[in-house]
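Paired with subunit B in one complex and with subunit C in the other, subunit A is shared by the two complexes that follow.
Up next, the complex of A and B:
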């Protein structure tokens, strides 16, 4: 029986089918936990709501947009400044958030005129911003405000603005994942096809399901540009509203996160015949394969190969330096959805760590399927782990590090398990070849923190050494390494604190210029 | 009149200064021992508030959700509360108190939470947990009323209302700190100790500044017990430090149990701390000891080094919870500074008639604006478009980009202060808080002088 029953959850037996241990010789038919079911009240889950899935996760990374939530002020405040999705327009979308400030009288008499006044106020305050997304919340969904009608009225009155409406109240689904789906489909239905983009390359993609956490998108777009590929839009990290209205003209949808954004890719395929190619920016192998796949699709794999060779030569030695030192370190993996499987295998293969558990907050069974398939025998997989299950698992598994969110990270801290932020990263970006080394560096720094060692010493009971005034990470990590490895002339990561600044400084002249095909070539 | 009190002149909110009522109730709930709040609403109402508080305190704690989903929103979700209470009790054997905290969604759909509690008391608790001490209470905090500040106020009252019992006088005072930090609690307790006053410090979060222990067993929790709450009905006085963060409980105890209530002042700065000590002394008959004269002198010594040389006439904007903002403004005036703009979190109509606000209107001799129901655009728009010049900003971390983008030094104070290390550990109240605040403000100004190369050489001989 592969199900894992937690002692703390014996009293809620339905939880038993949400956790499995991957056994020897078992395949997915016998060890797939249930997923994306209604949360058990009072279980102290780590899940958010469908509003946050739409507004906070998918919507707000869009950079040149007034993001306004129609509801009481709390939804807006609470989802403001708690993510690290940056943008190259001075982080406008990160810095400014808008709430219609629904009060009791609006609940009683309706809030549509309030909304309309709000829209005008917001555009007046920021005359340079002409695009807006309105997010419904629980309160305004329940009182039944017709947000779309108000948006249409304002667009008629202000012809230079465009407004997108996302109806995804907090209660719409078991978790934030419901909101991902709703905003994907709403964008496609309302906005795709309403702008005709300028095509400047023979190879045109949408980059979908990428949210520019700490600059991930900018790293990846740099690779595409080096390959001569035009990135028509990014859905949605560092993405531009009008660029995303032109998604229908891409030749290929390159999909990064198949949990949050496969919906729009699948519909773009149905409606516009644009194929979908799933890629993965995490890990040398996965990223290299991804660039190759994109190159192969367009017949320009030589351009991908050149990038892979250059980046591998630059960064692989540093990755290997960390891998030698992280070998066998036990990792708990508790991201939201897709990083579960993006990371599970890649960190084992390339960083030498051992993944002892894979959890997902809001993933579906498909995410678990991929995650468990990529994890080793003995791995504990939990769908929507709750507070007590997490603590029980930490005690049982005794990991060297956990990748999770900020608040569960505090639980781990007290239990003396170092944490890395799986959602927003510690010192990212983590995508790209260099980013992957940064990830390894962050794991190493967490695991071999001299302070972590000290926190386990009980000065009232233990016999502890007093012969050293300090200990370095290297002294800890190299103690049991073979001599050859210890003698490495490297010292780990040598990149900059902020690698994105250099990317933003690049101009067109810094990228290779490729000849466009003639029309007869293109027809072949 | 130089000081104008006005309501924000826009209807909407651009960058909110405060969050909604359930967050305040949740902050109260973590101050109670053996208590886990059950927030009746969407999961985001809990997940994000836990994130917010954990960012501020750099600690974890438990708050549960009834996980309202679509079916509940349509057909009513009282069953989710019943199930949530059962699941919590079954899995947390030490749990004694479950406040059921409502939100906008469950107030709009009209779930009868009070009725559910009666049903649970007669059914589930009597049948499944007959030998267990369990208390359920409803806290109604619809998000479309008030703010996190009023949510705090309502929750404090509802806890007190639920538990307070009249007994023989316990000779203690009730001491309601309001929305403060662990460092504030430590400072306030030390004042009470020096005064030799026995107090029940309520919704006491001091131990949220907690250690990593070698065995990894430490768990942060509130220190206010059920016994503490019961005993509030037997106290000699109730001291409410923050009028808007505990005032309702003070009024309740006065009305129901005839316990005199002393509301305010928020003990920020020397003068307000002096006033608090005098009121404590009058209420208890205990003299103010020499040790506090010395502690006060240390604060004055630090201030004297700084006030008339560096702080005088500095223009400051202050935002956040109303009691905090008013207390800070009063202290700044005592320090010879010139608060220009006070942004009071929410639309509470009582702010206009607050005697402290009236006093500012009477005595301030330069243009000062007080805006209620304010947002950060009230600050930024004045700086960006209306010529407001500032030397310093006092407020919480959500306003950080105003400071960053307009290059105005800022001292983080209030809730939340996640973008600076360890601030929850330091007080802003009492003499210790006065010292800390004045030195933080001075150091922020010093760093700014150096960063902008504006008379940075002044400090060569200070």
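Up next, the complex of A and C:
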């Protein structure tokens, strides 16, 4: 096994099994780090807890819900507003967060009455919201508060409300991934099948594992609607509570982030016979193939082909403009879970960059299998890294840019490595054909921004040239390009600052109207 | 939906091993090169081979690579259940990619293509199931 031992982690010998370098001739039977294990004592992990994984990642993107944490206020505060999963109802779920504010006296005497009082107060404060999700935390789990009993009491007293209880305290798993699992299964057990949805198309899907980061979900749903497909629910970005109760009526589960949401897809397959189709919304080829697959499943491949042709003609030249200027740039692809495999091949093939390292904070070995399979020879793959290992890797690999979360991102910035936010994006959406160009633009700006070069200058001490602080694109990224490329009239991204506003302005009349099948056609 | 059989977690997790070593190892260099090219495409562009449990991967590999072989030799593919249709969808995309990237497929006879796909299937099973280092493949529940 080609394990990689960090100098800084020699004092934690178990860490050696959590990093590998993919060598020539290595495959998944000889090159795979350990994963999804408890963090080794002494290693300061970047992971979140199981409560965070349930609430912050999966629960809270649901848009028409009061999300309340039963515990100390810090739990809800630290999982509030740090991921930009926007919604088309004025971002209710981002603007407001709720906590029962459990204190020491409640730990001694119990916090159930406090919870009940808070639930009523929240519903009274927002009378237009009739749905609630309650998240268990470590403190209230340990004192044994019966959240389900309180939720049942409130629902009996207020018949127009519905409450979902998520019992995933912080200690319920090695990382946030434990919480993903728990909320998937809890939602299926408690809520799926409790609402009968209206079916308006012959082609009905659940779009699963999609969190609408800066509008990703709205971009993808637009494609599906253009194909005449009804998106019954999205689990959970921009998703509606009651739509998600009707997931059992879909014909197909289209799964994007398998790391966070394969559990509900797999169980929907077992319990309701709805098949799971894994897709990739990132990258021209992967997205095109994904739309084709969904189209093929329903026998409407031609509709997917039309969208791919239109979008490719519009956006591919601009992607290529960036690809010519990003060729060979070294990337550390260090996201939380699924993006290490969503992006690893697509950015190399379509943007010309070289992935020199992949890591995952909370991914399982299955995620590393996908990531390593898609990465090239020499790639350093790290599971659950600590900050010192990250610094050592950055010094050794000397990447031009790093895609990661904001905590390791800030460390990278201090080491003068440009960073892009892989979780919440910089100027997303990144899904869709246009979104992929926006991502390329953000990478370009990160790699070439003169700000990063200037940031290494100590203006109080260093002798620096005052007449060379301004450089142009031609001096930065175009200097080594062939003349034909330099003379090309093509430019980078020409889309709108906010592409989501135009999607939200669309009405039913803006989408093609397809005739529904007759009952005899449907039976064929 | 019709055609779906519920299995008990314990039974499905105890799937038998099919390969004790790399099934590609004994073949000639030309065959290894062809299979490696097809394997590389699958590993870089597909996700279906990486479902989280070994028993599920076995079904996925068999369903998709089996239907891909049928499509490559021009056989009719029957899709009796929604799950079959899902396998077929991935198989259609894969067979198109193989035709595009592996020009030598066009010069091969039906039996040769089927034999090659069988070797590819064994190799993917080895990489993702029987030779896999993923310790979660035998977990009973999802």
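Basically, the second predicted complex is superposed on the first by the 505 of 524 C-alpha atoms of A that agree within 3 Å, B and C clash if a C-alpha of one lies under 4 Å from a C-alpha of the other, contacts with A are read in each partner's own complex, and residues count from 1 in each chain.
Throughout what follows, contacts are C-beta pairs under 8 Å (C-beta built on N, C-alpha and C of every residue); 3 or more make two chains touch, one makes a residue touch a chain.
Note that the structure is a prediction, hence the values are computed from the model and not measured.
Student: Of the two partner chains, subunit B (first) and subunit C (second), which one does A:416 touch, if any: first, second, both, or neither?
Tutor: Only subunit B; A:416 stays clear of subunit C.
Student: Check the residue A:297 against both partner chains and state whether it touches subunit B (first), subunit C (second), both, or neither.
Tutor: second
Student: Counting only touches as set out at the top, which of subunit B and subunit C does A:285 meet: first, second, both, neither?
Tutor: second
Student: For the three-chain arrangement built by superposition, which of subunit B and subunit C touches the greater number of subunit A residues?
Tutor: When the residues of subunit A touched by each partner are counted, B comes out ahead.
Student: By the touch definition at the top of the document, which applies to A:32: first (subunit B), second (subunit C), both, or neither?
Tutor: second
Student: In the complex, go through subunit C and note every residue touching subunit A.
Tutor: 1-4, 6, 22, 43-45, 47-48, 50-52, 56, 81-83, 85-86, 88-90, 92-93, 126-128, 131-136, 142
Student: Using the touch definition from the top, list the residues of subunit A that touch subunit C in their complex.
Tutor: Touching subunit C: residues 27-30, 32, 34, 36, 251-252, 258, 262-263, 266-267, 269-280, 285-286, 289, 292-293, 296-297, 341, 345, 364-366, 369-370, 373-374 of subunit A.
Student: Inside the complex, what are the residues of subunit B that reach subunit A?
Tutor: Per the stated touch rule, the residues are 10-16, 18-23, 36, 38, 41-45, 47-52, 54-55, 58-60, 62-70, 72-73, 80-81, 83-88, 90-92, 103-105, 108-109, 142-145, 147-148, 210, 212-216, 218-220, 347, 377, 381, 397-398, 400-401, 405.
Student: Quick check: in the complex, which residue numbers of subunit A touch subunit B?
Tutor: The touching residues are 8-9, 11-12, 38-52, 68, 71-82, 95-104, 106-107, 114, 117-118, 121-122, 125, 137-139, 141-143, 169-176, 387-388, 405-408, 410-411, 413-417, 455-458, 462.
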